[in-house]
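Scrolling down, you'll hit the structures one after another.
The same chain A turns up in both complexes below, where it pairs with chain B and then with chain C.
This part shows the complex of A and B:
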């Protein structure tokens, strides 16, 4: 049963548009799947390789701007941005890794945070290239209906899921976990930690970039404040994984569902809408104190708690 | 030519004054980082809270921002103590896969603080209309035939001098008092300090309070010369972090020098490249420091046998 679970879920998700959901429901589903992709990508670097990044907005934004600038400057379809973003995000990740991977632990986290901000300020100031804070807008979106967008992001998500699963179960994955557990020990066992950390960063960046390029096509509008946002992208990415479960396959999926639904719910309550960051902050604090490994990672803890409640 | 020199010197002075205040922010972060080995990502948000305290004291009770240093600093100290005691300490004891949990926790605290400020005080830009805000000393007033004209804004100068006084008294606290010595011992080697009878747990709490108090004082000094809005915290957290990287992790002297370098560099970028690029200049310095000067200023000092 467990072995077939991914296929069953993918199959169900593929059939879902056939039952005629409303546009709003489709939008939520697309967002959930998009955040799953970003969460899985972050989890590869943060959860398995132990390099907590606070700057995944950089990869997301570079992916989105690859598609956006391609469309804006050459007039080609922004969909070409998805394959192209793989190249551009890899190069950017290589450079970012060269600078930030010298740092360890929390310092790496802040280094990436700064890189994310550098990207945002640069995008704001390079007006000839990125239109600055005006942003880039698609003149017309490819489809009015959301079904195709849904299948495309589902395809990306399945591709990401399979790739990451393959990577984690390969030798590469074991190297990553070794680096997370003890970098010095890994180094002394002959693992080239810099090389493997860079590989993890590039892989993670590329998957995030794919989601970014998709976002450009789907939303039809980007500006630096949206795609390079610290709180709305980088921190939410971390929260998706923290809430769902660090270093688990299903954690990002669970986290994305919870976070997107929670965001939509809070936003729909009129007076509470402004307080959504407070809610997220409190949720983050509670999760870290009580379920440090996330809902999936600490599932046994939750089960024990409820069983105890029933017995008492 | 003399205009060029004038602009240069004026920029240098502005940078120096700004750098003094930056140093104060940086020291708070460096202290916390040195003792607890965690980065306080809510640092700028704590400063924002102090700025709102100073702002409301001024608006409601007409207390001068410089006087409210005496009020806001203790308040921030207790706030820091509470955060450390009730939020960070419990997390330090919990086992988890990622050791960075504490850093992520401070992000959560920062989010709550800045969002609360937005809810209660709206996201309007505010500033305290102190009546000396635009007063300045002019060089020509004192030296009539001076070939160049320089001005020194009064609030900037007062803030700078107060920042220096606070820094010097902190230095005395850290080197001369028992508590200060215990804090430094904890930063150097937690286990050895524990063996020597230092109450490490309590030092952590005190340090976090001290760091919060320092950044709170910096907030009060900033308010006569700066405007205030809830999202300002993130910007200053980054500044504090850049300073600590530039100065060398956990080094107080490094943080002072790093703050001055950053202040001067920023003001130079703003004058010679363009206002919008000042934040980029900040990050250029940050990345350059990471690549060419991994140990920060502290490493250079150590190499030349200066400092400790």
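This part shows the complex of A and C:
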């Protein structure tokens, strides 16, 4: 059963649009899947390799801007941004890694946080290139209907899931976890920690960039405030994984479902809605205290809690 | 020619010479003990050999090649593995995964890494614990796990940093047996140890450090009679 779970879920998701969901429901599903991709990507670097990044908006934004600038400057379809973003995000990740990966623990986190902000400010000021705060808008989106967007992001998600699973079960996966657990020990056991941390960062960046390039195509409009946002991208990325479960395959999936639904629900509450960031903050604190391994990681704890409740 | 040559190595921290002009060699197939009172510079010397520190002066030669200045992972690939005084198991990995992670340094496939790891767990008597998360292992087993992990990198020289400290007599005998068998496999051993009985019985040769300097070198019985060594080290132990 467990082995077939990914296939069953993919199959069900593939059939879902056929039952004629509303446009709004499709939008929510697309967002959930997109956040799953970003969460899985972050999890590779932060969860498995132990390098907690507060700047994943950098990769998301670079992916989005690859698609946007390509469209705006050359007139080519922004869809080409998806394959092209792999190249541009890799190069950017290499540079970002060169600067930040020499830092450890909280210093790495702060370094990446700064990088995310540097990207945003740069995008705002390179007006000739990025249109600055005006942003880039597609004159018309490829489809009005959401079905194809849904299948494209589902395809990206399946590709990401399979790739990350393959990576984690290979030599790379063992090295990543070894680095997370003790960098000095890993180094003395013959693992080139600088090299493998860079690989983890590039892989994580590329998958995040794919989601970014998709976002450009789907939303039809980007500006630096949106795609390089610290609170709306970088922080939410961490929350998706923290809520779902760090270093688990299904954690980002569960986390994305919860976070997207929660965001929509809280936003629709009158008055209180504007304070959704505050709510997320409280949620994160509660998760860290009671479910430090997230919903998937601490599932046995949750089950025990409910069983206990019934018995008592 | 010696397998490992430490040539006039010094390592300073600020004005303090943690290791001062130390030279000695380790021949292939030997067990060399490195002893000295606390703070004598033994672990610092390990850190220099293994590449965590660059020597401030002097050189480390391994198989005729200068290795000082290389990164630890490169030195490991050349054939030097080590364990840590404060055991550093990869806590949230299982025992098997721990050893596999380092077996991948030589193994070409997952299967190869797993086979090598299982063989080493058998060898170190940890096979029944292979699926336990290493965080939960008792100290004796964690120390053996460190040895298994170091062996998995396929070393020619194994450096053991106090692998016997804090063990009970049964664990002690088990570890001594394992060290002897490692030697039979043709692996050279450089070992730091405070446990006098152990070091005297397993070492072919002993190097004694005190305040960062080498004060004696020779076979165990000679070291046991050396007045300088007794003064610096054994004397303290006898009085205690």
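In the analysis below, the second predicted complex is superposed on the first by the 312 of 312 C-alpha atoms of A that agree within 3 Å, B and C clash if a C-alpha of one lies under 4 Å from a C-alpha of the other, contacts with A are read in each partner's own complex, and residues count from 1 in each chain.
Keep this in mind: contacts are C-beta pairs under 8 Å (C-beta built on N, C-alpha and C of every residue); 3 or more make two chains touch, one makes a residue touch a chain.
As the structure is a prediction and not an experimental result, all values here were calculated from the model.
In the superposed model, A:205 makes contact with neither chain B nor chain C. Between chain B and chain C, B touches the greater number of residues of chain A.
By the touch criterion defined above, A:277 lies against chain B but remains apart from chain C after alignment on the C-alpha atoms of chain A. By the touch criterion defined above, A:297 lies against chain B but remains apart from chain C after alignment on the C-alpha atoms of chain A. By the touch criterion stated above, A:17 is placed in contact with neither chain B nor chain C.
By the touch criterion defined above, A:238 lies against chain B but remains apart from chain C after alignment on the C-alpha atoms of chain A.
By the touch criterion defined above, A:230 lies against chain B but remains apart from chain C after alignment on the C-alpha atoms of chain A. Residues 46-47, 50, 52, 54, 99-100, 102-103, 105-107, 109-111, 113-115, 117-118, 121-122, 124-125, 180, 230-231, 235, 238, 242, 246-247, 274-278, 280-282, 284-285, 288-289, 292-293, 297 of chain A touch chain B in their complex. By the touch rule above, chain B contacts chain A in their complex via residues 37-39, 41, 87, 90-91, 94-105, 107-112, 114-116, 118-119, 234, 238, 241-242, 245, 249, 276-277, 279-280, 283, 286-287, 290-291, 294.
The residues of chain C lying in touch with chain A in their complex are 50-52, 71-74, 76-77, 81-82, 84, 88-93, 97, 100-102, 104-105, 107, 110, 113, 149-150, 152-153. Note for the complex: chain A touches chain C at residues 169-171, 174-175, 177-178, 181-182, 184-193.
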